[in-house]
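Following this line, the structures themselves.
Common to both upcoming complexes is chain A, partnered first by chain B, then by chain C.
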Partner chain A sequence: MTEQYRSRFRTLTDGSDAPPGADHHIFIGPQHPWAEEPAHFIIHLKGERVVEADIRIGFNLRGIEKAMENKTWRQNTMLIPRACGICSAVHQNVYVRLAEKLAGIEDQISERAKLIRMFSLEAERVHSHILWYGILAHDAGFDTMLHITWRDREIILDIVEDFSGNRVNPALMLIGGVKRDIPKEKADRAQPMLDKLIKQVEYHKKVFTEEASIRNRLENVGILTKEDAKKVTPNGPTGRGSGLPFDVRKATPYELYDKIDWNLVYYNEGDILATTLVRLDETLESLQICKQILDRLESTQGELLVRVKQRIPEGSYFARGEAPRGEDVHYGIANGTDTPERYKIRAPSLGNIDATLKRMDGEYVADMPVILRSYDPCFSCTNRVMIINEVTGEKMILNQDEFARKAIKAKKYNRPFF
Partner chain B sequence: MSDVLKELEGILNVTLPGNLVEGAIKVEEGHFDIMCNVTNAFELMKILREDAGIYFLSTISGVEKDDEFNVCYHIQHRIEDEFKEVPINFIITKIDKNKPKTPSMLEFFVAADYYEREIYDFYGIYFENHPFLQRLILPERWPDDVKPMRKEYGWEQIKEITMKITKEGLEEAKQ
Partner chain C sequence: MTWIETLLMITVPGILFIVIMALFIDWLDRKVYARGQNRKGPPFLQPLYDIVKLTAKESIIPTGVSKFWMTTLPILFFATSLTGALMIPIAIFDDITGVATGFAAFDFDIFFVLFIILSFGLLIYFMGIVTKNPFAQTGATRSIVQALSFEIPLAFSLLVPVLIVGVGGSPNTASTFRLGEISANLFASIGDNPWLIIGLVIAFAISIIVMMAELEAFPFDSPKAHTELADGWLVEYGGWRYALIILGERIGAFFIGGLIVTLFLGGPSVGLEAVIVNPVLMGFLNIIFFTLKLIAVIAVMSFLRTLISRIRIDQTVRLAWKIVLPIAIVALMLTIGFKMIGV
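Right, the complex of A and B next:
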């Protein structure tokens, strides 16, 4: 059974450690043009076929769990979204639900606050999925699709920016409710944009299913059968592509997911195309949920923020949420003071690595980029800064190019930024 | 949801001999807490895996109490026809602080590999019968005797060690 445990890293120092039959070894990472995140893969080959693949992780330990034990529950609300660059809202959502349950105020959260939270979560899922299948197309050598998807992704990012002030990290949630309201004029502005995006995502789906050059790169590649999936236990879209129909939003409903009309998406094929289709269909479902939420917001009123005490009473709770990549798990223990006793975070990607390595067995080395991408690594794309003059209070919003140009000029002529 | 809970409670009550469970099963709203100790944990997990058919392990967390360590296995009972999951917290209590040792559950869950090695890194809890209990997450230069998530190491101390090993690495790279 030991061949199933894939996190064992073969050192290959004297050659005796290589798996039987392998004649070549390819090392990828930790710094590699393919990967945005530091992970080290080693792929053992026989000819062009993969015999075994290993992974080594832990190049970027930031110690968030330890840091959380040294900050108050309220401070942690703004630390927790930094656990992940792109699924920041879901980490914050699971955290605030956990703290509310421990504080005993989970029944007092108004329906309007819950709807605003759900909009933030679904918008995040939409932009994360579009980003992922864009990069997947890029890895498969289909760069046109990358440009099309990323152009359309700006629509949802504009909506998120309109609602929250930030593109990727909306940080709308607080313990006890939400920070900002979604006024009617903003919701009205967003509706036609969502309609436009739905049309575009339908077009993306058409390209992935009908365009032969991309479909052939994904179909019957890296198959993970349901039996294998039950052993290596992938979560989220990776599992739903292999016929495990589990989504935390359906399995243990939170917020108002049981009161909104939506369908669970799953496929039984288990190849990369199935995971892609799961994400494409989910994007459409999420957009449909976003539209429902905006409709319901018009008729729903309620207090946005409930008063919470600084000290959280003793207890422990295990909260879960469905992140774009899968199941996000938090376990918190409170000791009656204003800081957590212990806080454990399990982000979804760690649970999916086993399944990804299992997919590689017996595949061609040319399919590696696509299979490695299937576990959805992520990076932040916040490239704008706001500069404030301390003396006059004057504000300036710049993008990366403008900022660079201004900085070079300021350095060259030795003059202040403003 | 309550039907599901009752059903699972039935399974557990029939299959779990009374002497195995330490503090009885505590049922909260949508949650099971199963408390057990080091000696009977393996047997109990075997029943859960083989009789109740639980195959999904979400994660494992290590917890430090005043005079003992706890290891908590967060497992899911899955009902495929209804798309439902029931989260279960399987807590191994009373792990000795001087010689922390607990059985490895790698035989039942492949995913336990990463999580157990993470706890071995952070708390120094030794998982018996784990075939290759090696460092997973901490840096290569990290001192072996420092277990960073234990309460005895404060935030400042961890920062100092991090700076020290970073400097060592940079100096070695210059040579």
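Right, the complex of A and C next:
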């Protein structure tokens, strides 16, 4: 960051408030082949080098938090996975743990139910990481790797589908336990598939570390040193690639993460390759956690679902979990009725934006897709709050009905929204 | 030009043949690329569908951009690549020398071919720069940097077969530097002095890399890198202009693949010139052999694309000057050396 603090979250998009030294500006997003989701990056360039980069978010507010206030705690169990397309299970897991704590039944959850939840979480981490490094290879211009990794990702998706009925949205958890059991024959069917996937992920790791052309695109690119990382506070694999060994699963263990044998992966280099290797190693760790869970499930018995009352007693609680992208934080307030008073989600992508913009300073514009991808951006999770700050400085706070009414009117009479 | 020549120029092996082959090359390239990536690949007529669909779409001219240049440059690009493709010797057409020549064949036409390859780079630069789009301008700048970097290795690698055949084509005739002559006499010259094949193989490998760079094919596609520049210099072109550019690029692929076949694989030469005397049958065999050799070259280029990731523009320039150029010089020196020892 420069001496004088300059906000990287922008509203002006014509480059008129650019930093000194930049001679032209490239806009990535909200519609760009790089971006699957809408975000607007303003890259200030001098030649082929980046001077600074800014971001504008807020294209994708879906009002999930507001919608949750109108539904019961039980209904919200099925709404909350929709906060994110990929990491649906971790949002559900954090939510049900929060609700169980408020209802006071967190000690009654059986070990078997916890193991099944953990399997869902780890399988999700595996398929999210494989998806991520496939897209990273695509961004670096290595389409072959994209197709190979996504082919192998089907293995874990088949397992999840076998266990839950859905591919990416297993929705196995309920307040008080889990919805479905994992019977022995399904577990036996999954074991050889997991072995096969471990072999494939080891092959992926070999490609990323030994293929010279892809390694050249990732090594020593977008370096975020440990000192810088401490200032811009990345979380999840972004931080672990920069030598910050923090993982919620180790720091404050939830479910049964303290009773399972696994290692915390972190690298000190801080470049994109380190971030990639963190995720590759984590995939292997998660796969061996999955195998351990399936082994333990054979000898573990217990009630799958504990009875819980519709009305959650008054109180508030703060729960967090380790999503594939980083630390997922939920805060919920219960008012004694069957609906939440207020619910707040802070998804990990938001916490990683500053670190990613920091990475870009002084890099080539050709490395932008790779660096932007490095924190696994997920903007449907990121947009939780809408701050309306137009050029005039006018601020408005809209509730859902007003927002919908204005949008319909703007569409109908073909006039601007505000 | 007699009426039969005009007819041949329009049909086989003329413009129609070239356009059909260009579409076929497009399909072959995408199919091999897809199979290398464990995908199924497009159906056989997909390139034709693409072109037909694109011509039906709207072609937008951005505000403040010259309509004249956005119309002229794609047509010029198409015409340039078609001119280049018509220079490639495919079948017997010249009765006087008895070797296969292209429609446009004249003395020293190999230099004209080099000029056409360079003008690809120039036209791409102008096509990008006139659209006034940051993506297009960045892509156009990268394109010209890449084209200039690979120009010298390209010229050196094309010089190797010329030197192998000899300054005079064959020892008895005067120098002509014709493409058709080089392709017809290449294997005979190699037969006289088998050591020359070392330089030829090295130059062949170099030329495949250089041609991929000239075509902006996958590892060298940073001028139109999809994920960073949104197709670079192509970004503002749509509709029939885009279709014309795509078709021009594919004809360029035919031209460049055909150039490699001509200079390094003996072109349409069958090796049965002494046995078959009927020129019609010979021309037919020539077309088939040329097509088979071209398919082999294009398949190799497509398969190479699946193996590695995109190379950044600074890495491309470093590759061109530090690795490709020295190897090209070594091939050239080997060829000159063996030629001097052998003759």
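Points to keep in mind about this one:
Here, the second predicted complex is superposed on the first by the 361 of 418 C-alpha atoms of A that agree within 3 Å, B and C clash if a C-alpha of one lies under 4 Å from a C-alpha of the other, contacts with A are read in each partner's own complex, and residues count from 1 in each chain.
Here is the rule we use: a residue touches a chain if its C-beta (ideal position, glycine included) is under 8 Å from a C-beta of that chain, and two chains touch if they have at least 3 such contacts.
Being a predicted model, the structure only gives us computed values, none of them experimental.
Once chain A of one complex is fitted onto chain A of the other, the partner contacts of A:240 are absent, as it touches neither chain B nor chain C.
With both structures placed on the common chain, the touch criterion links A:125 to neither chain B nor chain C.
The larger set of touched chain A residues comes from B, when the choice is between chain B and chain C. Looking at the shared chain after the overlay, A:44 reaches neither chain B nor chain C. When the two structures are aligned on the shared chain, A:368 is found in touch with chain C, with no touch to chain B. Put simply, chain A uses no single residue to touch chain B in one complex and chain C in the other. Chain contact summary for the complex, chain B toward chain A: residues 1, 30-31, 55-59, 61, 63-64, 72, 74, 76, 78, 80, 83-87, 89, 106-107, 109-111, 113-115, 117, 131-132, 134-139, 148-149, 155, 158.
Residue ranges on chain A touching chain C, taken from their complex, read 24-27, 32-34, 48, 137-148, 151, 211-214, 216-217, 364-369. Interface of chain C with chain A (complex): residues 36-39, 134-135, 138, 218-219, 221-222, 225-228, 230-231, 306-315.
The touching residues of chain A, when paired with chain B in their complex, are 1-2, 4-9, 57-58, 61, 63, 65-67, 70, 230-233, 235, 245-248, 250-252, 264, 318, 320, 327, 329, 331, 333, 342, 344, 346, 350-351, 353-354.
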